[in-house]
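See structure below.
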Amino acid sequence: MLFLARMDVHFPESMTQEVMADYQAREKAYSGDLQSRGIMKAIWRVVGEYANYSIFDVNDHDELHSILGGFPMFKYMDVKITPLAKHPNALEYYLFD
Amino acid sequence: MLFLARMDVHFPESMTQEVMADYQAREKAYSGDLQSRGIMKAIWRVVGEYANYSIFDVNDHDELHSILGGFPMFKYMDVKITPLAKHPNALEYYLFD
Amino acid sequence: MLFLARMDVHFPESMTQEVMADYQAREKAYSGDLQSRGIMKAIWRVVGEYANYSIFDVNDHDELHSILGGFPMFKYMDVKITPLAKHPNALEYYLFD
Amino acid sequence: MLFLARMDVHFPESMTQEVMADYQAREKAYSGDLQSRGIMKAIWRVVGEYANYSIFDVNDHDELHSILGGFPMFKYMDVKITPLAKHPNALEYYLFD
Amino acid sequence: MLFLARMDVHFPESMTQEVMADYQAREKAYSGDLQSRGIMKAIWRVVGEYANYSIFDVNDHDELHSILGGFPMFKYMDVKITPLAKHPNALEYYLFD
Amino acid sequence: MLFLARMDVHFPESMTQEVMADYQAREKAYSGDLQSRGIMKAIWRVVGEYANYSIFDVNDHDELHSILGGFPMFKYMDVKITPLAKHPNALEYYLFD
Amino acid sequence: MLFLARMDVHFPESMTQEVMADYQAREKAYSGDLQSRGIMKAIWRVVGEYANYSIFDVNDHDELHSILGGFPMFKYMDVKITPLAKHPNALEYYLFD
Amino acid sequence: MLFLARMDVHFPESMTQEVMADYQAREKAYSGDLQSRGIMKAIWRVVGEYANYSIFDVNDHDELHSILGGFPMFKYMDVKITPLAKHPNALEYYLFD
Amino acid sequence: MLFLARMDVHFPESMTQEVMADYQAREKAYSGDLQSRGIMKAIWRVVGEYANYSIFDVNDHDELHSILGGFPMFKYMDVKITPLAKHPNALEYYLFD
Amino acid sequence: MLFLARMDVHFPESMTQEVMADYQAREKAYSGDLQSRGIMKAIWRVVGEYANYSIFDVNDHDELHSILGGFPMFKYMDVKITPLAKHPNALEYYLFD
């Protein structure tokens, strides 16, 4: 099943550059792994914002919550998800296996 | 360039089933053509709503507005677009040629 | 998978009492069938509003959209769905088979 | 009487992991007790968010406020409740004794 | 149990003065009866708006929804209710028997 | 003149239990005095929230602002007031002397 | 007592120019009378909108609601009022007798 | 030219009473000077809130921004301005020289 | 003085293509004249919406309201204006004479 | 391609005047450079707010995000961008080369 996610990141003012860089490195590794495994089918930057839109393909809600909750920066993210279905006008079921 | 679009459709109560079906048929043909030409890279149904999320890949804003304004149902749609850029954690530039 | 849905109904002023009663009768039959089949696990009235909260248990998003779109009053409803997962503090996975 | 509650948790940045874990352990015990006693009839995780939807069955508003205010994490929660009634299309009065 | 209700009235433009007056007369009778029976404990006009705040004392949610749905003008009203409990600083449980 | 007030309290995370208890004790005394003097005609807890709805009967706006600004917890409260008038369907002018 | 009011006017599409002009003429007369009598202390146009901000000086809420409800265009207006008090930094109590 | 301004003040929790009193004293002097010079034509307290509505008469936008930015408490204020024009129903151009 | 305006157009469903085309032709002429006279300094289409952002340079608020109110499609437009001042980082006062 | 950007700045209370001044100096240099290079075509102050509206002319979204992310004060800014196209009523394509 496909989900569109929007994630907005808000780091606290008190976070040091080193801690922030560490979070970002772990986030990148985690995100890359999800992409390699075909769970995160796409991710884009929202222009001008510390935010992304991404597409997830998972088997159920418990798996999705576990994946989202596992993001290293999860506690600093506002996440909103939207369930997606096949569109009647779509030539194919995009990004869906 | 990539854009995420959300389109919500609101038909007037007075529209007959025949007129509605005609709009939907023309919309489907127009949408299919955009997909075939690689302009609309993806489209999904928002579950439970008469709405879609779609991804457009266009050369500039004038082309995008012309394409959106050309939808047969444009006058009955609320359209909101979000410019997308490559995400630093993305393994590839998804849906972008 | 479980989804919480909120549905708000807005009938047009021009609808006659007979047409409205017919919609409501067909809605009731459709809703009852979904409940009997274990797809709609629960439905409650929002006090003071022509609206409900309901719980759906479906296999995927396409099934859910098809079910929601099949409601006789779908064109008069605003539907918002929220994916639900098992809560870590829950003694059981409520309303989920 | 039934109430739908949505609770969103916001811990302060300064809270240590130990304090947080202690809050969560006490919350789990409190929640489990409410479920065992038939007061909290259901609880689910909102996918992607540190939030839940839950169903309460109480005798009156004073009891409900006392129960909600007794959550160990109450001061870190935004709670919104919605009174629920029996829906005319419901085959039974779900989660209500 | 006490509930605060806010009701906003929106009549359609096409309604004649006679129909409107008839609705208002029946509304007044219905409201007066609820007050006489101690169900509607208070009602005030929101200054400058076709709206009221009112206080209801009912036994349960099904009774309250039945009462609200019985207002002659219910289909033209937006109703929002807020459950009220005894305040710890209150010298008495106001408007509650 | 009658006003409906909604007050939401937000204490800072850094406030100690002792300071908080002191604020609450002074608030209770202040609130009790206003009730005894017939200025605060009613106060209820909003179920599930650190908030109240209350009814004030004052002579003018300067008196009301002075009273509200005098609450010991005023700097931690969001206050919204709504002027109330007699409702044409009211059997009496509730809570108004 | 002083109140700031914002009034937004929304005429239905079906209203003829003649009816609209008649409403506007009666509104102007009514407004002029309120100004002459010192009840409406000021009125300004919100630039770019069919709306005004105005200041009323009345004795109580019932008088204010009666005055606002008496506007010929009241049924086409959204009215929001804000009670005003003397500001501690004000050199005088502006527009207040 | 006239502008309606609404200013909401939010002081940080860490500010001492002395610093706050100093800000307020300087604010009062600054505000009084603007009133004496006919630039701030009026100011009122919003009842129940640490906020004001005020009327400014300035020659242009650069002057207005300079004046607003010069408020001692500017960094703690949310300011929203609304341009005002003469209303066609106004007997005079209120507060405008 | 400069103002940023956003205008959203909403035509009623009942308007014929001929009437719409006539409105649009008159709008174009009116808009072109404002541009030629240096009053409307710029106008752009909001991509995907029947809306524009535009920049006006006028002498005062009464002139601006008169100009905006004179748009042939004014009654079908939602207009929101934002006063602009010279930015301290600007190399010049853009679009300002 | 043209984009309208609105940027709102929120500095933390703990920032010293020296750090703030340094940010502002670097921001001014960065902004000036973008203007000199024809990338930022215009920038204005929003009257009464620590915010700007600005116009960017860039080749694609990745360039724009890189430019916006490069602002020295980016982490303290909320940025919202709106893609702009040529308006059919425009006499020229304003601020576009």
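A, B, C, D, E, F, G, H, I and J label the chains in the order they appear, each numbered from 1.
Everything below uses one rule, namely that contacts are C-beta pairs under 8 Å (C-beta built on N, C-alpha and C of every residue); 3 or more make two chains touch, one makes a residue touch a chain.
The UniProt protein names, listed by chain, are A, B, C, D, E, F, G, H, I, J = Muconolactone Delta-isomerase.
Being a predicted model, the structure only gives us computed values, none of them experimental.
Undergrad: Which chains lie in contact with each of chain F and chain J?
TA: Where chain F and chain J share a partner, that partner set is H.
Undergrad: Farthest chain from chain I, comparing Cα centres?
TA: If we average the C-alpha coordinates per chain, D ends up farthest from chain I.
Undergrad: Suppose a student superposes the Cα atoms of chain B on chain C; what rotation angle should they report, nearest 5 degrees?
TA: 70
Undergrad: At what distance in angstrom does the C-alpha mean of chain G lie from that of chain A?
TA: Going by mean C-alpha positions, chain A sits 50 Å from chain G.
Undergrad: Once you find the CA centre of chain D and the CA centre of chain J, what distance in Å lies between them?
TA: 44
Undergrad: Using mean C-alpha positions as chain centres, tell me how far chain B is from chain I in Å, no decimals.
TA: Computed from C-alpha means, the inter-chain centre distance equals 27 Å.
Undergrad: Hunt down the residues of chain I that sit against at least two other chains at once, touch-wise.
TA: 2, 45, 47-48, 61, 64-65, 81, 83-86
Undergrad: According to the definition of touch, which chains form touching pairs?
TA: Listed in label order, the chain pairs in contact are A-B, A-C, A-D, A-J, B-C, B-I, B-J, C-D, C-E, D-E, D-F, E-F, E-G, F-G, F-H, G-H, G-I, H-I, H-J, I-J.
Undergrad: What residues on chain G touch chain I, complex-wise?
TA: Residue list for chain G touching chain I: 11, 13, 45, 47-50.
Undergrad: Looking at the complex, which residues from chain G come into contact with chain H?
TA: Residues 2, 4, 27-28, 31-32, 35-36, 41-48, 52-55, 82-91, 94-95 of chain G touch chain H in their complex.
Undergrad: Under the stated contact criterion, what part of chain G meets chain E in this complex?
TA: Touch residues, chain G against chain E: 5, 12, 14, 61, 64-65, 68, 75, 79-81.
Undergrad: Where on chain J is chain B touching in the complex?
TA: Residues 1-3, 60-62, 64-65, 81, 83-86.
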